[in-house]
Structure formats: structure tokens, C-alpha cells
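Report on the following structure.
Chain nomenclature is as follows: A, B, C and D, assigned in order of appearance, with residue numbering initiated at 1 for each chain independently.
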Amino acid sequence: MAKKLSFTVADVREMAKRFSNWGRWGDDDELGTVNFITPEKTKAAAGLVRQGKILSLAIPFDKDGPQSGFAGRMNPIHYMMQDGGDVVSGAQDWIPTLRYTDDAVVMPLQCATQWDALAHIFFDGKMYNGRTPNLVHSGGAMKNSIVPLAARIATRGVFLDIPKLKGKPWLEPGEAIYPEDLDAAAASERVLVERGDIVLIRTGQMAQCRAQKSWGGYAGTADAPGLSLTCAEWIHQKEIAGYATDTWGTEVLPNETSDVLQPIHCVSLVHTGILIGEIFDLDGLAADCAADGVYEFFFVAPPLPITGAVGSPINPQAIK
Amino acid sequence: MAKKLSFTVADVREMAKRFSNWGRWGDDDELGTVNFITPEKTKAAAGLVRQGKILSLAIPFDKDGPQSGFAGRMNPIHYMMQDGGDVVSGAQDWIPTLRYTDDAVVMPLQCATQWDALAHIFFDGKMYNGRTPNLVHSGGAMKNSIVPLAARIATRGVFLDIPKLKGKPWLEPGEAIYPEDLDAAAASERVLVERGDIVLIRTGQMAQCRAQKSWGGYAGTADAPGLSLTCAEWIHQKEIAGYATDTWGTEVLPNETSDVLQPIHCVSLVHTGILIGEIFDLDGLAADCAADGVYEFFFVAPPLPITGAVGSPINPQAIK
Amino acid sequence: MAKKLSFTVADVREMAKRFSNWGRWGDDDELGTVNFITPEKTKAAAGLVRQGKILSLAIPFDKDGPQSGFAGRMNPIHYMMQDGGDVVSGAQDWIPTLRYTDDAVVMPLQCATQWDALAHIFFDGKMYNGRTPNLVHSGGAMKNSIVPLAARIATRGVFLDIPKLKGKPWLEPGEAIYPEDLDAAAASERVLVERGDIVLIRTGQMAQCRAQKSWGGYAGTADAPGLSLTCAEWIHQKEIAGYATDTWGTEVLPNETSDVLQPIHCVSLVHTGILIGEIFDLDGLAADCAADGVYEFFFVAPPLPITGAVGSPINPQAIK
Amino acid sequence: MAKKLSFTVADVREMAKRFSNWGRWGDDDELGTVNFITPEKTKAAAGLVRQGKILSLAIPFDKDGPQSGFAGRMNPIHYMMQDGGDVVSGAQDWIPTLRYTDDAVVMPLQCATQWDALAHIFFDGKMYNGRTPNLVHSGGAMKNSIVPLAARIATRGVFLDIPKLKGKPWLEPGEAIYPEDLDAAAASERVLVERGDIVLIRTGQMAQCRAQKSWGGYAGTADAPGLSLTCAEWIHQKEIAGYATDTWGTEVLPNETSDVLQPIHCVSLVHTGILIGEIFDLDGLAADCAADGVYEFFFVAPPLPITGAVGSPINPQAIK
């Protein structure tokens, strides 16, 4: 953890300008870098299914999740609307023969494994493609919601296991990942990051929580390993469709910018238009890739098309 | 609509016995016919991706959905926890530079496009694999929940368009689909239904609702087209992994059994262990398949792994 | 229903100015006319308890309520977190001997019988006492919330039964109540409206819904009987603390102002600072008052002190 | 904290039998000891309003409440459905002139200041008046719900300040209150506990939480001061209508019964039919009573009539 960088809001603004894709796919575009997922890309990615093996990258959606109430985010609340007790107690005896159970959920869309919509972040008063805050009101996001992604997220996935690269079980809280780490991981895994990929970057923080049997301040209230702001250029130049990590917010905490919270979100989500995934469970994938040596796969992770939503819970599938 | 069949609970019990898979995959099994989705099956199904085209089969998750409150099911409620108004009003001025939006949802898990878990239905006091109601209490389903399916639903999808077969825009409310209709549709589409497939069966009811600009009694309170109980044998013999329709409950309403509600659920879900999908939007798929003549595809539809859930909202992906 | 008045936004602005109490109780005031409920007033009102009879003026809080989803308001959703089924099924056998039930509710605060907070309405960019919209953000109302009323709503209640005055079971949809009707009702009931009172005004609309066994468009989507805008002066001059009706919005619908929705809310809530109650069940009270001839009582209706709330569900008590 | 008593389930059963009111007010009764609140009682209690002073005994209903998720109880979640940001952003510009805010709540009914309904507790398979668990299913409580109390809770309140009696700021966690303490407090306050009263008993635990600026394990997960099981006889003999404390569960924790959780609930709520209030904020009342020397008042605390509810959030009013 020797290296420690520091940037200002002026730097962030300069990067935002340099790495901007506003207008690149037209003024009406709401997809951002997901535009890199072309039919050709999807078709080629499906060709990576060689074993028929499916891995889920979602954590359990339940009360034992990472949220602590910070920023109003709580863990999912699951209510049974009908259950086996009703079957036994006779409450369903008005139904001819069949008996059933039913349930409901109350949850922040960002409570567990999730995509950020492009309407999730504003920087200097604008969201992706120059849109203004009035487009996201109590009725939801009129633009840049998660809905345009409903039939788009099936592409090549590439897994970069940074702790493995560094020869340790996890990165420490506050430890940054730099572009050269991403490149080194890819090289060591003999995989190339290509246009339209979704890159899954493991920090090991979730493994650390498991080892400690506590989420602690995982959900945004403690230091965390994650991407250095310098990765914003890498994200832009690689022309990837998206990336995700096994952390709450993908960026190193504390941020390298005292005057900008989550600066990669400001640069890469708002200006590059990148798809960001958070709270991915990459531990099983790490074990699997270490075992078979295959770090690429067909990656399918459709959001729920909740009208106007600025994020979506997901169950991402890595299919090898 | 000439043919009208009628069965009794005794018939249903006899079918349940004949088409039972209890014990077939061991007493601990919680997957049922999803066991037919083997790695080989998944691998072969991925080979169906020839154009790189992705279709979402989910309806919008919002207040304009089909639910009317029947059985306590309401449409999703979407709340903004932070929105553009907060950006404008200064409510986030405590945050360094970045601004954001956040949201939450309250919804029955069965409110829109969804999978039924095997814990969703009981018949004669038992759910799939002979399990008892006490296993589904207010804390959720201890067995047969949706969670075991978290990394299993990627297989070949086959689409059977019954209205197209019959040369009309939709089946009428109360009109039943028989096994010979399924076979005729498959034949006319030059597609074979095979072990491990998930079969998507279109009734056209959703198209009718669209034409009438009203859901009416779609969500279980009016007559509906759907499968005849006689399809239970077809479901069992074909060894499919699952099936779904564009209706609320997949079965013809009124049911052919005055003393058993939703008898296919009792036979096929409880005893055969079939995966059932409901409220799928198959109209876009119908148009696409009619255009390219391809009625098979890679079908990926992972549930959200909500601990103990007896169903899951999904965004099913048909990838051609 | 001969009389039909019509006003413009200019008239409403003029009334707002004339009937304004902004600054009357200081610039920091968040109580408005509830300031008229002094300790002397409360003490005197308690003296009206002569029979020890208690009437609840709340409708049942349940799924059969008046809401239809208009403006995002749905009826309360009640979930059991533990129930008798869990007792029977053994789900609580980990607890020593005791067994229990528990429940939760999801509800708009304005779904049933309720108070409007002074933060509920803005007119020409301001809420009560000249406060700006930025004070009510996604985190709730920083000013004029319901909380300052937590220990204030115990005063004299006066009941004005307009259908009784007019000799019919209910006012028709669209039928307006004028100040002279209020005065005539009071006179006929031999009761004087006094400073600090909360006046309960019955239109009979709820009785009509009951007779028709349907809420129909009660919750804001159909014509309704209610107060004429001309009552704004009466409300101001009488120096009452609040008023409530048995309707969704207290005002006659359609409003007498095509360019201002709910103009009394704009004048009387925003400028006079009046406490407004809606969806009160006044039918039982009507029968009781008709029987004993007593139209005044001790009225206690505390809001739930939900931090930042702009309204509150209540169970108002008329104690005679 | 010298005295330490210990009882077994056999003792609890014996007390349950001795202090039972089952059948006392008929087999159909759902009120229990609230029957002691007669019109005469209510009328006399209203006479205690001598100053016109109102005190709210509710804690704030918000995310900073005492719940930690234990037993699935979380603090209230408040969502804005419309807020000032929407006013500013133009999201309401379709409305003629008026602008508004709206909100919703998600909360366990037992999350903050609350009444337990008689359907809340079962002992040896029965709730109050011998009713069985099947009467409380996922659709709510068919009997003994909170609803019958909707127009009943206006009576004499008596405040017993135990820490004041003992000359300390609060009772320690685990410290029990005995019948003689209740009698001594009443004597020292020169007040008599009478039939039909609701007795508010202060332990000081909430004051301790305030002093420590943390709820800690207040909500059922740590030791707490509270009533000894020996108070069950006092509760029965005094023929009070109800009692409440400033703690999570009113009873001393750890309980004096290792084989029965919350034994007073089993004896007094289930068999005596007592109304129990929890998480009352009695600190302001303590200061007020110490100041004016008046420990009795008119007590009005109507539950929200949520159909089938087994508890209710309340804002209890002590009116002097």
C-alpha cells in the first residue's frame, strides 16, 4: 500500500471531459457503453460456453445482508403473504383442494448485488448524456433508467482476480487497484480485455468479511479496497461495456479526492456512460477460475425492468 | 371451443401419482425437473445463439401492471429514496460534488413476470418431494424455495405460438390448450420439444389485453385461456425442465375441475416438480419468431436469490 | 344545486393574502391555527365529557379502503411477520413456552383517516409561514411536518351535519357547502363555533358509498360534495383550529377554480395555517348526535409522530 | 438488586389459572380488562383535566428508533412519494397551481410506542378467552385484534415513577420491580391505583439510553429492568385496564423463568386479558409530574384500527 495518489475536483472535471462519450451514440442515447454489446459481441460471447457450467454471482437477498441503514439503505425485508401455517390452520379451506404460499419483498434496489442505472449519478448538475436532475423525480427516472438495459446485458465476461495476482487473500481496506494491476491480472490469467466486455474485478473484501464473520462497515461506512481514479482512463480506452466488483461502491475508500465523493462514478458513469455493478459475489468464481484456468465466460445479467428505476437487483450468471 | 373436459379430485390424485417424480433425484432434491438442465444441455443450448439477438420476456414492473389486489397481490410500488429534486433543492449539498439518486420497491414476488418456487403449491398436504407445510412458515420456505435455482436456469427455450397455429390473434377466455395443440404447434414450427427444455406457450391473452387497453380480470379474476389438465401427461413425458405462458396462472380458467383449483399446479408442480413461469410477455417473441422462423433459443432466466422465497420476479432472456 | 360559483387564480391569491396568518405566531411557528388550542381551551373542552361515551371517527385501515392508486396512493397493506400458523407449525418451538404473533404495515400516510401537515401543500412556491420547497426533500419535511402537533390536538369538537340540515341522506357529487350552510347547521344544532374548535363537517358522501357498496371514485377521481372556496373566509374569521370532512379532499369537486386545484388548501392550509382532516367517518357520530342532541364534545386526535411526515394516519376520538 | 426470584412453567400455569378472566365478560369478549373502562370511568377521568396541559408519550417514529432487526422488527422506513424537489423540478407542473407533498411508511406495528393486542400472545396453545392459533393467520387476527379497542382507550392514567422512588436516575438492567415497589411509589406520590386505570410505570431505561446516546440492546437483546412476575397478581387484583412501561417488553430481563419467555405476557395478557403498552416515553411525564406533583391525568391513546392487527403504533396523550 505504498502508493497514494491525490486528485482534486479540477482533475476530475478534466478527466470527465477527456473520457466523455456524451453524444457518441446520439443525443437520445440511454445505453452508454452498453452500446458496445453488439449482436456480434453477444454471439461470440455465447461461444464461450464450453462446459455448460453456471455460476451465480449474487449474494443472498435477505436480512443478513451488508446494509446497515447508511443512506437509508436497509437489507431486504421478506414477508410471507400466505405460508404453510395457513395451510395447517385451515385459513385456506375456502380453496378447492389446492393450497399455496405467497410472499412479498421490501427492498432498496441497491441493497445487494446490483446494477447502477445511468440515472444514479450526477456530476456538476448533469447525468449521462448531459441530462438534468428534473428528469429524475419522485415518479422515477424519465431518462437513463435501468429499463433500456432490459434486453442488453449478455456479453463476454472477463474476471480479474487481483488478490490472486498479489498473492494474498484480499486487498486491505484503503488499498487501491491501478490500471497496471488490471493489465497484470489479465496478463497473468492469459486473457485479453476487449471492447464490449464486462469486467469483474475481485478485491477480496467479501472474502475478508466472511473470514471475519461480519460485514462491518462494508456498506459504505468504512475504508474499502477498490479502483483508483486512474482506472477511469483504462475504463474509457478499453471500451468495455461495464465493470463490477465485490465491494459496496467499486472505488477505493477513502477516495483519492477529498472534494469529490466516488470520482469514478462522476467520470466513468456520468461521462463515459459505463455500466457499474456492485456487491457481486466473486469468491465462487475465483475458486472456479483458479481450478479450470478459464477467466472468460458468457455473462448474462438482466436487470428487472422496474419502470423509472435508477438501479436493479440482479442475479448475474457467469456461464462457462 | 367445442371440446370441454371435466375431471374430479380423484382424477387429479391419480394423475399426481402417475406423473410423480418424488424421489427420482433423491429425497433431498429441491430442483425437480430443473435437474434435466444438465451442463451438456446448457452447453448445447448456448449453441443456439446464432444472431446475437436478445429478447426480454418481462412485462414492465410498475403500478400499471395486471394485479388488482386479488389474493393480496398488488402491483409493484416504486419509491424514490433520493431523486433529482434533492439534487436541485440542495438536500445533498453535504456530499462533496457527487449527487445521486436511490430507490426502493415494495412488491409481491408473484406480481409480474415470475417463477413459482416448488414451495409455492401444496396438494393433499404436501409440496414437492413429499415435504410438509411446517417447512414454509413466516420466516420463509426452509425447503423448495427459489434459491436452489439461482444458478440453474440456462437452457434451450422453445416457443409454441398457439394463436398462430389456430390462425387467430388470441385464444378466447376459457379456451383450453390440449397436448395435441402443443404437438401441432411444434410440428408447424419445425421444432422438437426435448428433455430439459423450457417451453414458452403463448395464448395471446396479453395481446388481447393490449388490444382492449385493459388488464380486466387478467390476474386471476376472470376466465382465461390456458392449458388443459390433460397437458400434465405431456409435461411429464416430455421431461421438460419448465414451461411458462403469457397468462396469470398458465391453466385454463375456469379449471376443468370444480373441486380442485389449478389442477396442473397440483399434479405437475407438486408431483412432477416442474418449473412454472407466469405473466411472460411473449408478444415480441411471437413477432420475432414469425419473422425469422426460428422457434428455439438460449433461454436464461435466473431468479433473484431471495432467501426463503416461494417465487421470484424475473426478466427472462431469449437469446437467439 | 342551483348555485354555481367560479373563481380564478387571481381571486385565490387575493384570498390567500386576506386570510393569511403568516407571521401571526412568529416566523418560527409551525402550528398555524392549532395555536388557538390553548391550555384553557383544552381544559374547557374536557368539560364536555358528560356521558363518558367514546366514538372513533376512523375508517378501517385495510385493503378495502377508498384508495384506487390515484396519485400513487394505495390502501394499507398488512403483513403478518409471525402468526398462529407459526405457532401450530412449530416455527416458534425455539422459544421457551410463550408463542406470539407480529405484524407490519405498508401505507401512504394519507391513505385513510388522516391529518394533512402544513408541509403537505405549496401555493405559489411557498408553504405555511413562507417556507420554501427545499425544506421538504426525500429525507422528509424539515419544517411544518406533523411532528409539532404531537401533543396539541385535544380541543372542543363541533359537528355540523349538512345532509341533516338539508333533509337528505347525502349531498350529491359536485354539491357545494357554503358558509351560510355551516352557520345554518350550527344554528339548527344549537351550537356555536368558537375559536380553537375543530369542526367536523359531514357531507354524507361516505354514507352514499356505503349505500352503493362501492367507493367508486371517492379517492379523488370523481365529483364530490364539499366546501365552496367561499368557506375560506369563514374558516379564517371563526379562528377555528381545524376542520375535517367525510370526503377525500374536503373541497367540492370539480373545484370552483379551473386554474387552481383544491383552492381552499391553497388559501386556508397554506396561508391561514389551518389543520385539515380527511376521510373521517362521521356517520356513527351523526347517528349519535341525532339521538342525544349534543353536537359538541372533547375531541382528541393525536398524529403519529413520524419524523418528517407530511401527514398522519389517525384514529380521532370524539368523547362526549 | 439483592432480591432474585425464580419460577418455573408450573408456577406460571398456576398463576395463569388464578388470575384468569376468561369468560368473565362472556365467551365473545375481545376487550379483556379494557372492560373496566366504563363510561363512568371515562367521564370521571376527563375531570382530571385541570390545567389543559397535553403530554405525548410517544418516541419519534423514525430510523433512529430502538429496533435492531431482532425478531424481524426494524425501525420505521419513511418514503416521500412527492416532495419539494418535485415542486422545484417541475414534476408537478401538470397540476393547476397547487403543489403538494405525500409520503408513506413501512413499519412493524410493534416498532415503537405501541399497544399489544390480545392476539399478540399465546400460552399453552391459547390466546385470551381460550381462542386458538388458527384464528390468527396470514390474513390477520380474526379475533382479539386491536380493532375492538378503537373507541375504548380514554381513562384515568396513573404514573408510577420507580427510579424517583428509589432515588436514582434509572433502574439497572436486570433490576426487577415488585408489587411493593408499585404500592410504595403510589403511596409516595399520594395517588391510589383504581379499577379501570391505565398505569404507566417508569423504569428509567430510556433515560439511560439517552444518557448513553445509544439504544444498545434495548429492543429485546440485552438485560433490562422491568416487572417481576410477582406483579401478575397485583395487575389482576387491582383490576386495572392496562399498564405500560418505558421498556421494550415491560418485564425484567432476564426473566425470572428460564423455561417461559415473558411470563407476565403469558399470565396477564393471555389470562387476565390486560392491555400492555411498550416503548412509552415517560421521561417528559416524569419531569412534569415531579414539577406539579400531579401523578394522575386523563389518558387517551387510541390504536389505529388496522384490520386484523395484533398491535398498533400509538401516540398516547396524558392530559392534565
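Assume a residue touches a chain if its C-beta (ideal position, glycine included) is under 8 Å from a C-beta of that chain, and two chains touch if they have at least 3 such contacts.
All values reported here derive from a predicted model rather than from experimental measurement.
Between the two copies, subunit B and subunit C, the Cα superposition rotates by 180°, quoted to the nearest 5. Both copies, subunit A and subunit C, contribute mostly matching positions to the interface they share, with over half of the numbers common to the two. Computed from the mean C-alpha positions, the centre of subunit A lies at a distance of 45 Å from the centre of subunit D. Subunit C and subunit D have Cα centroids lying 27 Å from one another. For subunit B, the set of residues touching two or more other chains reads 72, 77, 80-89, 91, 104, 106, 133-134, 137-139. A complete topology is adopted by the chain contact network, contact being made between every pair of chains. Touching subunit C in their complex are the following residues of subunit D: 9, 12, 38-44, 46-47, 49-56, 58-62, 64, 71-73, 76, 78, 80-85, 87-88, 95-110, 119-125, 132-141, 147, 150-152, 154, 257-263, 265-266, 298, 300, 302-311, 313-317, 319. Residues 63, 69, 72, 74-75, 77, 80-83, 85-86, 89-91, 106, 133-134, 137-139 of subunit B are the ones touching subunit C in the complex. Every residue of subunit B that touches subunit D in the complex is listed here, in rising order: 77, 79-81, 83-89, 91, 104, 106, 138.
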